[in-house]
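Heads up, the next two complexes both have chain A, just with different partners, chain B and then chain C.
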Partner chain A sequence: MGARILVIDDDPVGRRLVTYLLESLGHVASAASDGEGGLALARRDVPDLVLCDVQLPDIDGCEVLRRLRADARTAGIRVVALSAAATDAERARIDAAGFDGRLDKPLRIETLGADVDGFLR
Partner chain B sequence: MSQRLADLSADERSRLLARAAHDLRGPLNAILGFSGTLLLRLPGPLTPDQEQHLGAIRGSARDLLRLIDRLVEVAQIEAGELHHRRAPVDLRALLEDVAAKARDAAADRGVPIDVQGSGTVATDARLVRRIVEELTDNAVRFGGSVRLSIEGRGVTVADDGPGIAPADRRRLFRPFGPLGVRATRDREGPGVGLYVAARLADLIGGTIEVGGGPSGGTVFTLALPEG
Partner chain C sequence: MATILVVDDRASNRQFLRTLLGYAGHRVIEATDGAEALECVRKERPDLIISDLVMPTMDGFEFLRQLRADPEVAATPVVFRTSTYDDERVRALAVAGGAVNVLKSPTEPAELLRTVADILGEDRRAAPAPLGEGFDREYRRLVADQLAQKFEELETAHRELEVFTYSASHNLRAALRTIGGLTGVLLEDHAPALGAPGTDVLERVIRAADRMSGILDAMLEFTEVRRAPLHRERVRLDALAWEAIAAARAAEPEREIAVVVDAPHEVEGHPALLRIALSALIDNAFKFTRGRAGARIEVHSQARDREIVCCVRDNGVGFPPGYAVQVFEAFRQAHRPGEFPGHGLGLFTVRTIAERHRGRAWAESMPGQGAAVYLALPAPAPKE
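Right, the complex of A and B next:
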């Protein structure tokens, strides 16, 4: 049974890659290109999982997480960071923000299915 | 006012490279991801030629990612942003782990990797792992087979490749590399990787020696400092 997964990423090609992979894995994917758009979709649809890029054009991914957690309607959604961090210090900052997990870019597409199943469990 | 690269401080250079490495991950994610979806045959079957070409695209993108990550590492060392923390390290487990990760790329070249010996040393596991990764990567590029072993307080990485003339050995660890020494067989020479290994060895108070094997080839020995 597929899950409903929202992808928030400002990079259109990266967004297409993730939604394509999720759909090929049998999930139902929706997508937003910035933080505010993602928050609006999350409140409307209450997906099972949000994959959220950390660096968005309007608000930081950590702030998206904070607002999802602060709203009773979306507080229970699993939220995983999509990170292009290049240093251990930046990865540590993301890990400290309280996401349910982190996926590093470039994504390891061979294991994405198992990773997503792990986040949904 | 724009600043010349040469005028930037070490930590500004480090931040600039970390930013470039971050920004390169977007396009590399797309190249690796979509070449990967094709290789997984998600959209449909492939001819053998298509598979081979896609494999080359993917391998090249991985090389680019490793190169920029190494440059970030060098900049971080120069800016004093990498610190080492000592704890007991099971060297056998560390070498097994490095070998396991290197085996995919090594198998593509028909190079077997084996691990020998055991020992526990107080050192920084992460930095030692990075050094051994770079030495192993270099050995895989040039060796017919590769052996990682633990000898006393040190780790050796031996290959039975063509070997390096003694006069060329001291040039190996220069930052811009021994182009023309051993780089001719590969797109990316050992330059940046061995330079990173040498700088990380300095950071943990160790040394890297290069010698010839008893039956040809090259042996790199990482000596770890006394606890």
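Right, the complex of A and C next:
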């Protein structure tokens, strides 16, 4: 059964590719290109899962997570970081932020479905 | 002037020695392996033999042994050339066999000419002592060691190739999914801008990517078939057949196909692999009866000569008898590409599964009269 998944990513092609693949896997995907837009969608739709890029043009992905958790309506949503982190320090910072998981960019397309199912379980 | 026999399987080496020795005023005759060299020695009685050690058919040591065993020519001095010059055992064995010298290959011209002059200047009328048992024993040990080493190298290379195939298929598949996905995005989001011709191009790209994806999946499955540790269980052939038939029917629910299964025999094998094999056979039968009125598929089994033979027969298009062997080869199909779906790995996988179980697979067919594909597995031991 499909889940409702919100993708927050400022890279338009990557964002569209992920929503396309999620939809072809039977999920319902929505997308935002920055943190504020993503937060607004999350509050309105309360999806099952948010895939959130860490480096966004307006606010940091960790801050998006903090605000989602701080709002009672969105506190229960599972949030997974999409990270292109090049350094161990950056990865450690993301892991310490309290995400429900982390997917490294470039995303492994062939396991995306299984990865997402894992986060939804 | 002396007559010198040059024995080497490589033409370039022979040419080098011919030129060099000819320049020094000698008559040079040539042979490409030990057997040819022996013949040549008996006929031409050369004054000296310069031989490679590693050659096809008969190597240098075996040549030396046979030369020494023939009293007529036993005294002919032999010089070996080898690129494994540093191997002490090779040198020791050559000397034990009565070789006068062992030279490194490639050989310095000056060194070669000096060695030749030295040997020809010596008085060697007395035949060397005949070869003892020690030589044969040491020779066998050397050959066995070399074989073991080659075997190990081959196994390593094979393993590396399997790992390579597996990771290459994996990575290609990932890249391909991205191509397919992005093409899908283009088609979905930008169809109006592309117009009908553009859309058509993209649809073909997607179909090609799907096809390639299928090939890569089949390759990955094949690597699994090769690598999976073989564990054995008893399975009934008809159970496997019905399972495969149900799956094939579910994929084409609109087709009417008469199915007969009379395969009550049990075989002993890896259930997952046998399932793959039966599915491939049934899928083929479904595929090649497509478009045929009164399509009929039969699965039979029979015990004969310590084998259980399973036969999947259809009344589909069949293939020319000349294709019976090549349909089991990878990426070889009896039909024109695109005429029937498939990746050209189905029967290749079936054959591999049969061989992993010490069994066999073969096929019989006439065009237009259907095909029968056989899978024979060793009969399981009788139950207690």
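Here is the rule we use: the second predicted complex is superposed on the first by the 121 of 121 C-alpha atoms of A that agree within 3 Å, B and C clash if a C-alpha of one lies under 4 Å from a C-alpha of the other, contacts with A are read in each partner's own complex, and residues count from 1 in each chain.
Just so we're on the same page, a contact is a pair of C-beta atoms (placed from the backbone, for glycine too) under 8 Å apart; a residue touches a chain by one contact, two chains touch by 3 or more.
As the structure is a prediction and not an experimental result, all values here were calculated from the model.
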In the superposition on chain A, see if there is space for chain B and chain C together, and answer fit or clash.
clash
Which holds for A:K105: it touches chain B only (first), chain C only (second), both, or neither?
first
With both structures superposed, pick whichever of chain B and chain C touches the larger number of chain A residues.
B
Look at A:R43 in the shared chain and tell me whether it touches chain B only, chain C only, both, or neither; answer first, second, both or neither.
neither
Quick one: classify A:V13 as touching chain B (first), chain C (second), both or neither.
both
For A:A85, is the partner it touches chain B (first), chain C (second), both, or none of the two (neither)?
first
Given 5-13, 23-31, 41-49 or 167-175, which one is the stretch of chain B whose C-alpha atoms run into chain C?
41-49
With the touch criterion stated at the top, can you tell me which chain A residues are shared between the chain B interface and the chain C interface?
13, 17, 20-21, 24, 109-110
In the complex of these two chains, what residues of chain C are touching chain A?
170, 173-174, 177-178, 181-182, 184-185, 188-189
Help me check something: in the complex, which residues belonging to chain A touch chain B?
11, 13-14, 17, 20-21, 24, 55, 84-87, 89-90, 105-107, 109-110
Name, in rising order, each residue of chain B that touches chain A in their complex.
18, 21-23, 25-30, 32-34, 36-37, 40, 42, 61, 65, 68-69, 72, 76, 81
Report the residues of chain A in contact with chain C in the complex, numbered from low to high.
13, 16-17, 20-21, 24, 108-110
